[in-house]
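When the chains are written out, they are named A, B and C in that same order, and each has its own residue count from 1.
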Amino acid sequence: MTAPAGTQPDTAPRVAARARRGFLRSALTIAAKDLRAELRTKEALNASLAFSVVILLLFSFAFDPTVEETRALAGGLLWLVFAFAGALILNRSFARELPNDCLDALIAAPISASALYLGKALANWLLLMAVEAVSLAVFGVFYNAPWTRQWWPLAGVVALGTWALTVVGTLFSALTVNLRLRELMLPLLVYPVLIPALLAAIQLCGPLALGEPLASDMMVWVRLLVGFDLIFTVLALMLAETALVG
Amino acid sequence: MREKMLIVFCVLAAILLAYNLYVILLVLPDEAAQGPIFRIIFFHVPAAWTAFLGFLAAAVASVLYLVRKDLRYDAFAVAVTEVGLAFAAANLVTGMIWARIIWGIWWTWDARLTSMLVCWLLYAGYLMLRHAVEEPTQRARIAAVFSIFASVDVPIVFFSIRWWRTQHPQPVVWGGGSMDPAYWNTLFLNWVPLLLLGLAMAGIRLRQERRRRELEALRRMAHAL
Amino acid sequence: MNALDLDDVWKFYGDFPALRQIGFQVPEGVCLALLGRNGAGKTTLLRIVSGLMRASRGAVRVLGADPRDGAARARIGVLGHGLALYDELSALENLTLFARLYGLNDARGAAGRWLERIGLAISATGLVREFSRGMRQRLALARAFLHEPDLLFLDEPFTALDDRAVATLQELLRQAVRDGRTVVLSTHQLREALELATHVALLVRGRLAYFGPRTAEMLEDPSWLYRRYGEAA
């Protein structure tokens, strides 16, 4: 052997390999893996969808869609549905790595903990959006809400609000992954932190869900959502390593 | 914190409180619009200030823990958070009493009270999280990360709820307009005993935490033998 | 450069010291058997060097770098207690995932080649949850060795392996040693470990009780080490 024992020469394939392990690449590999695994079993997805339909039904009993006053609240209700049904998916996020100690293998792999976190957040975001799209359709039917008139701003608000839910929920999922009361703790921890974002999303979806455009003084809520998303994304990426590695 | 210091704090606090109560209840005249119940503000507002100090100190301690990995910072964080939580509860209760007396309703969705309620929930979550983790080093790390998130969230909560209330105004607990300078003095003066009390409580909690850690370590060692 | 360099390493769980003053150097090309009773600290030590947790005190260098350094981790293979396989993914998907994470050039190709090597090529597209235990064990071995690591950390790898998997593991380890790779494995199975080992370390209640070359005495009577150094705390 020409190379000294135990060291491999820094050949072209190795250098290329290093570049290939880039941050975004690793994150996307993780996201693809999570999506593939979830789409194959559809456990969390189905549970979340079923749960959201049930909640919408219950809300329809409490907030009668045929009464004009309660129709006006309807957009806000959407976010309660999203938040509760979403908790099921967020909980699975890091919990799915526990059987067979897969989480250890991922942490030991040469991807940064932030990339691992980002990949999972991306996958969660897409799964949540899928559940929300279906919920929106059901909501439109139950409440006779013409949300399609404002579907473009609505999609934007839902995307931003869902990212807020995802960013905080995924990080807390990482934080609580080894705790025995994980399922109970996660919603209890996430929802209070999320209150500003939920407040903004609820205010914005009130008119949008009923097909009405946003008044100019509502823009402050959009700014709040964007600010919240930015601040907590940065914070989560910074703390991902601490959350996952003891 | 040494026992002597704790006792000194408590005695000082008691003396100041006694004096303040005398001033508040007997010397100061009634406020024009609000009547006698206005005096509760001298506890309501400093309680909030003390709570915020506690939460800020907890945030700093959490960051320091993550940097230095010294469990004493973690003990400090939990002690000041608990004290902060107690004073936040005091703020909420006094606010509710006020609202009930002045407007006849317990909860008016006032921006500050609502925000304080959210803060209380955040830090109650912190304590619950700590209870769910057995191992001390892991507990300190997880709690510190959550504490940082909660602290960053607090100002955002206050802004968002204030904007919410400006769009849909409701009766406000203590309009916060101009107040007689005499009142401001008493307000700050009453903050001192509350702070001393808070420091004493934190000190007691710190000692308890230290003893608890020692016990846990001894137990583990006993098991390992 | 040493493959593994530990200097005054301590690990505390609260105030309880799980590892105390651990210091030793493992040169490259060595096969180190890490011995010790349950609770002695073997798993804790391996988790620290694998980058899964941080030491409370002391310096840890793995291939000259911090255990959390990405470039170092790319050259390390880890096999823990769990198999680290995704039940809902296929064998090929599992190996391809890790090949990609470790930055291998042709992830799919490498995965396919390893499946042939461990005799699972036919079941490449089968989901892991349908595999027998032995098949999963062999797949887990493939995952650990997939990226040709220069340094291997194995935590009780022989535990509960079936005969075929044991044979596969022994062949892989012998080949690794021949290739000049460094292996650190903790075990209770003294016989298999001591055959492969060039060096031995014994942990007793968190302390390093013995570190040195594997001698003939140890091979003849594996429990000699425990008797000689066992109760030294």
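Definition applied: a residue touches a chain if its C-beta (ideal position, glycine included) is under 8 Å from a C-beta of that chain, and two chains touch if they have at least 3 such contacts.
Note that this is a predicted model, so its numbers are computed, not measured.
> Select, from A-B and A-C, the pair of chains that is joined by more C-beta pairs in contact.
A-C
> Based on mean C-alpha positions, which chain is nearest the centroid of every protein C-alpha shown?
Taking the mean of all protein C-alpha atoms as reference, the closest chain is A.
> Starting from the mean Cα coordinates of subunit B and subunit C, work out the distance between those two points in Å.
Whole-Å distance between the two chain centres: 49.
> Could you grab the centroid distance between subunit A and subunit B? Build each centroid from C-alpha atoms only and quote it in angstrom.
32
> Just give me the whole-number Å value for how far the CA centre of subunit A lies from that of subunit C.
Each chain's C-alpha centroid was found; their separation is 35 Å.
> Quick one: which residues in subunit C touch 2 or more of the other chains?
As it turns out, subunit C has no residue touching two or more other chains.
> Which residues belonging to subunit B are in contact with no fewer than two other chains?
137
> Among the residues of subunit A, pick out those that touch two or more other chains and give their numbers.
246
> Under the stated contact criterion, what part of subunit B meets subunit C in this complex?
Residues in contact with subunit C: 69, 71, 135-137, 213-214, 216-217, 220-221, 224.
> What residues of subunit A sit close enough to touch subunit C in their complex?
Going through subunit A, the ones touching subunit C are 1, 4-8, 13, 16-18, 20-21, 26, 29-30, 33, 36-37, 40-41, 99-102, 104-112, 241, 245-246.
> Please give the residue numbers of subunit A that touch subunit B in the complex, ascending.
Interface residues on subunit A, with respect to subunit B: 168, 171-172, 175-176, 178-181, 185, 188-189, 192-193, 195-196, 199-200, 203, 217, 220-221, 224, 227-228, 231-232, 235, 239, 242-243, 246.
> Write out the stretch or stretches of subunit B touching subunit A in their complex.
Where subunit B meets subunit A, its residues are 66, 118, 121-122, 125, 128-129, 132-133, 137-138, 141-142, 144-146, 148-150, 152-153, 156-157, 159-161, 163-164, 167.
> Touching subunit A in the complex: which residues of subunit C?
3, 28-29, 47, 50-54, 68, 70-71, 73-76, 78, 80-89, 93, 97-98, 100-105, 127, 143, 148, 150, 180-182
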